[in-house]
Amino acid sequence: MSYVIEMLNIRKEFPGIVANDNITLQVKQGEIHALLGENGAGKSTLMNVLFGLYQPEKGEIKVRGESVKITDPNVANRLGIGMVHQHFMLVDTFTVTENIILGSEPRKKGTVDIKKAEKEVERLSQLYGLRVDPKAKIRDISVGMQQRVEILKTLYRGAEILIFDEPTAVLTPQEIKELIEIMRVLIREGKSIILITHKLKEIMQVCDRCTVIRKGEGIGTVNVPDTNPNELASLMVGREVTFSTEKQPAQPKEVTLAIQDLNVKDARHVDMVKGLNLKVNAGEIVGLAGVDGNGQSELIEAITGLRKVDSGEVMLNGKSITNLTPRKVTEAGISHIPQDRHRFGLVLDFPIGENMVLQTYHHEPFSKKGVLRYKEIYNKAKALIEEYDVRTPSVYTKARALSGGNQQKAIIGREVDRSPDLIIAAQPTRGLDVGAIEFIHKKLIEERDKGRAVLLLSFELDEIMNLSDRIAVMFGGSIVAEVKPEDTTEQELGLLMAGSKQQKAGGQ
Amino acid sequence: MFSNRLVNILIPLISVFLGLLVGAFIMLGFGYNPLTGYLSLWEGAFGDSYFFGETLRQVTPYILSGLAVAFAFRTGLFNIGVEGQVIMGWLASVWVGLAIDAPMIIHLPLAILAAALAGAAWGFLPGLLKAKLGVHEVIVTIMMNYIALYTSNALVRNVISDGQDRTERIPETASLTSEWLAALTQYSRLHYGLLIALFAAAIMWFILNQTTRGYELRSVGFNQDASRYAGMNVGRNIILSMVISGAFAGLAGAMEGIGTFGYQSVKGGFTNIGFDGIAVALLGGNAAVGVVLAAILFGTLKVGALNMPTSAGVPTELVDIVIAMIIFFVASSYMIRWFLLKMKKEGK
Amino acid sequence: GSSDGGSEEAEGNGNDNSNGEEAAGDDFSVAMVTDVGGIDDKSFNQSAWEGLKAFGEENGMEKGQGIDYAQSASDADYNTNLNRLVRSDYNLIYGIGFLLAPAIEEVADQNPDTNFGIVDSVVEKDNVASIVFKEHQGSFLVGVAAAMKTESDKVGFIGGVDSDLINKFEAGFRAGVKSVNKDIEVKVQYAGAFDAPDDGKAIASNMYSQGIDVIYHASGGTGNGVFAQAKDLKQNDADRNVWVIGVDRDQHEEGQINDTNVTLTSMVKRVDVAVQDVSTNAMNGEFPGGEVVEYGLEDDAISVATTNEEAMTDDIKTAVEDWKEKIVNGEVEVPSTIDEVKEFEDSL
Amino acid sequence: MGFLDILQSIIGPAIFFSAPLILTAIGGVFSERSGVVNIGLEGLMVMGAFVGIVFNLTFIDTFGSWTPWVSIFVAMIISAIFSIIHAIASVTFRADQVVSGVAINFLALGLGLFLTKQWYDKGQTDMVSRPFYTTDVPLLSDIPIIGPLFFSGMYLTSYVAIALAFVGWYVLYKTPFGLRLRSVGEHPMAADTNGINVSRMRYVAVMISGAMAGLGGSVFALTIALNFSHSTIVGQGFMSLAAVIFGKWHPLGAMGAALFFGFAQSLSIISSGVPLLQDVPQVFLLIAPYVLTILALAGVIGRAEAPKAIGTPYIKGSR
């Protein structure tokens, strides 16, 4: 059995930190090899070394047994290595085809032969079952399709070894299923895959072997069939991890959020929320399940005042908050953990400390008569950072420099601390490792038990099933079903989300 | 060997040094004696109390126009319209100076206020268009510069004076000039405006760093979406930012109108106070203290340069080259930082 | 420029202090401050410096020794430059251009022991000689030439910035044209700037295309565009009747195209003559302080260029001479403002 | 004046006004499309004007009637080389691109005037004796209406400008080079992972903007100003920058915007001869082009989307 890729004793340093220290990774021909580790363990760094974006300080890389120097992505391409990055490397304003051919365009008399390129894209997408619209602009297509474009990009360049960096973090369950199918097709076609994921279930499902790294050091490689999720988790974290979050049955009280006949349009004036009705009671977690793009984002934006309500009513504790400004909504008692933490949740160039008072800076004690009181602000920030275990060099560090997990913990700390009546949590654990997820889940349940209403939006069925006391399924802009987690299965939920109880999932 | 703080102080100093060095090489290359050249520059700026006074006078509007550009920058806006706002502030201060008859305690503040308001008004429109329609502030402010120039000329000629090329001189009651400062500096035109400029720098620092309003302005400058999410009114902050920036620029105009000159004239072209303000702001890292220091450097070089052709035969333009190089080196601080880091490593 | 200018200058200054105060004869020294046009604006700044140099030559002086100039980069520099020269103990200091009038007024006030000259404006102070020119007279004469040259009976005037001084040119020109033939149409347009050759070209293009065949420009750098347009028309159609009348100095060179020339004539203002004259008087102890010294046709300080011999035919030259006679002996009073010229036109 | 005459007298000047702006703005589009802000267009135009004039004055005897063409070519080359300074600062040294652009503006004017004084011993050069002249385009100028309006009394350089706008569009939107250049301005890391050398792309783009601004500046100098002084280029570079944004970072859009500026400017000059507008105070005519631009922006054009990565230096491996 030969190795297609061997990374031997790799060391990669960043100023002040050793991201990879003596890591060895050996990938066999035709296998799906998992790379597992906590946030910041050094997985992406290792893969960027393999892809030629970073140069290692030490170590050797062999491709098909031959020692190579991968100085830049071009070299990696030539060696048949392709990478699907954690953050997509797609140009928003370009079409699918343009993105795929970028850098190695077919030419005709000095111009880009776009016709030929589109044909080639069609052909590849047929071959591997990667449905894309070659002429669509990236910004107009779903995240799932964007990912397929990323995969096509590597295949177009003739990649034999594909690296997937957290491909499932941004996908809906349906899309994850499709992706797993695609990976199997790729293996059948003779490719090898390195898969980075925090989801142990996926590793168990598709991977042959798994290499674990912890804090930049290689822990070892295990045969997946010979292990179980618990073992993997403890290898990764270095301690025992509990999975399903323990919680008492909910004790719902009065109605906190009541939505009646809500209609919302998106930026292009398309109706996204249509006649939606929903109630969330104090002391319960309502999970909002649904495939991305069924109006969930618009619903949340409408509740929080970020988007105009077309018609209908949103009531909080019996008072209308319809079309109030975000500030008034916040002050009325709503906290919002936004889906896109970089875009909405944080001012990345502010110190983390100042980010902790993003909605409350104008209140005492953080300011008085319009003048900021930094001492109070930073005292508050320090307390929150401690309580929520946000790992940062100091409160004065810019938010930008924190890892995603720690940024998320900071946001949750800030939002929960305001003692709101309603917490809206949109994908609060996206891209986080199991340790961080565990922590955040515990916090949300704690808040529920304190009598707050929680509206949880998630594309992870696991999370919905584990956390919710009641599940509202959203499809086509309205709530099509409400179920209790104990009365349903993931299967049934999947069907509901696809808009049909009868048909098999995937038929949309 | 070098702490981070030290590096931050060293970079501008090294940049100034390198800029002067380039200037020296150019002088050498064209057969001038750099020492004589720079000595005459020094003499021209600080040679005696008169020149010192004049240098400070020149620094005054630079501080304010620099603050104007910096304030907008800090809130994510590029105000190229400071030039036009300066002209309008200049005009307004003189107009109020001439139109009103009042004791100094009312008249002078009124004239200053008018300048700030006029500048603010000139900044308001680009701010409004940006906030409401998303129109790029760079184009609008460029256009507003020309409109200011021609409007001011027409008003001076047809409204404020009757058909003259410049207005009357403003009365003492509206003037920033100071017998005392003039006497102290052998009749330089140094005026009380310097105190206003320094005060304005303190105000800018205070607004941006110490108030909730400043918190909002900075936040909007960095991330509009997050600011909206946090309940801030993004549009209002954009407008406010341009208005405050314009007010600083208007004050810079007042420094000229009721400080240095005492009148407004029909202008054949721009004053360049606003355009130079861009360089001052950027050189000063868009921070209040930095702007003051950069304005001092700028004023010194500009005033000192006037002496170079007379006493060293070097064309004044040499100073423009030196200024350009200093800006260039400050901008390229990454290179200097990298170099210092390397020295640090080797030093160990 | 020379590299050793600095040391010479230092000597010159250091030494002549010791001799005492009011110098005469050998110790007499003169300097000038340019406006923003600079010493080599090919216009009155340059002309003034030529006058000083001629004066220097007569008296064995050269730049840095007895005579010197200081250039201004902006309006704010005038005072500084004047004061610098005062400090260098020059006996007589000129401000060239009306823009310097307020500065001269201030500095003259502060330095009663120094004598000043202001060109193109009036400052009423005992130690200031105001040197003005009768540009309207010269403009009248080129108006005569234009009227004789035009075949379409349409002529044009392009001004820089609408201002008193430029109005004086317009008034004289219109009067001259109408005096020859009151049916000739004079189209007047101001570009709004002295540094907009593109506007100058567009205005000229428009005028020529309307059938105007002679354009008198009093617009500094804007006039470059007028010449460009005239030459372009000439290039395309060598027989076409297009003419430009230059201003301030003989702009013959600007009009040269192939082997012909579009510069009909120029209204030449001999600032050099005036500067040399006043300097000589001052050296001889006859400084015209407090007076307004008017230079006109009679002093040969205003003249009409005849370099383009082909264009300035004998009858034009004769007519110009005739009118000059009438003006000099007072038969004709040339209007110098817009109001006066309207009256003048009505009286024809 | 007949309507056609009026049109003719507006269109002619509109186009010669616009040509330098069009040229410079096309270059600006390239630079900004690659993610590098170019406030330095003004300075690059100054450099172009300076070189164009000096070369023309110096080599008139060598190149004869070809002198203006050779001059603008040389101006183009030198300005492209000069613009490398901006590229070094903003690409290699990761400078703030606005700051670096401002430095370019100071440097070009300072250097131009300094050298003028050194070489000519005065603050402005003589007038060139062989500038560009307008011509009637053979055949085309005989077409009724269209001919007199668009093909007679035009500078060939104006056609060059318009043609280059189309070339710019073609290069940017049809060739692999253009695709890559635009990708670098939108998402440099994506480009990098696709094996495109981001730095090299940006250097090339900045140099194209230098070349085009050099062309624009020298065309201005050799059609309109005819000499070089401190007041030869005053604001044209900033107007070109405005045209880049106004034209939504598209070569043809930028051309349209520049033509709009020229048209408005020309209109305001011609209006003083139009009976209806004769009595309008002059100041309104002077400010008309700028007011029109603002109105156009506010009314029709509105929001324009800048290239995403504009203004940010690309640092490998950062997010």
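As written, the chains take the letters A, B, C and D, and residue 1 is the first residue of each chain.
We take it that a contact is a pair of C-beta atoms (placed from the backbone, for glycine too) under 8 Å apart; a residue touches a chain by one contact, two chains touch by 3 or more.
In this text the structure is predicted, and so the values were computed from the model without any measurement.
S.K.: If you tally contacting C-beta pairs, which pair wins, B-C or A-B?
M.R.: Looking at B-C and A-B side by side, B-C shows more C-beta contacts.
S.K.: Considering only mean CA positions as chain centres, point out the chain farthest from chain A.
M.R.: C
S.K.: Roughly how far is chain C from chain D, going centre to centre by Cα mean, in whole Å?
M.R.: Whole-Å distance between the two chain centres: 34.
S.K.: Need the CA-centroid distance for the pair chain A / chain B, whole Å please.
M.R.: Taking the average C-alpha coordinate of chain A and of chain B, the gap between them is 47 Å.
S.K.: Measure off the straight-line distance from the CA centroid of chain A to the CA centroid of chain C, and report it in whole Å.
M.R.: 75
S.K.: Which positions in chain A touch two or more other chains at once?
M.R.: None at all.
S.K.: Using the touch rule from the top of the page, what residues of chain D touch 2 or more other chains?
M.R.: Where chain D meets two or more other chains at a single residue, that happens at 117-118, 231, 234, 282, 286.
S.K.: Hey, what residues on chain C touch two or more of the other chains?
M.R.: Residues 1, 162, 192, 194-195.
S.K.: Can you tell me, using the touch rule above, whether these chains form a line, ring, star, complete graph or other shape?
M.R.: other
S.K.: Going by the touch definition at the top, which pairs of chains touch each other?
M.R.: The list of touching pairs comes to A-B, A-D, B-C, B-D, C-D.
S.K.: Which bits of chain B are touching chain C when the two form their complex?
M.R.: 31-33, 36-37, 39-40, 44, 48, 50-51, 54, 57-58, 150, 153, 157, 163-166, 169, 187-189, 256, 260-263, 265-269, 271-272, 302-303, 305-307, 309-316
S.K.: In the complex formed with chain C, which residues of chain D make contact?
M.R.: For this pair, the touching residues of chain D are 1, 5, 8-9, 12-13, 16-17, 117-118, 121-124, 126-127, 129, 131, 133-136, 153, 220, 223-227, 229-232, 234, 236, 265-266, 269-270, 272-273, 282, 286.
S.K.: Under the definition above, what is the set of chain A residues touching chain B in their complex?
M.R.: Going by the criterion above, the answer is residues 304, 306, 325-331, 336, 338, 343-350, 354, 358-359, 361-362, 367, 370-372.
S.K.: State the interface residues of chain D toward chain A in the complex, per the touch definition above.
M.R.: 174-176, 179-180, 182-183, 186-187, 189-196, 308, 316-317, 319
S.K.: Which positions of chain C touch chain D when the two form their complex?
M.R.: It is residues 1, 38-42, 46, 162, 187, 189-190, 192, 194-199, 201-203, 205-206, 209-210, 221, 224-225, 227-228, 231-232, 235-236, 253-254, 256-257 of chain C that touch chain D.
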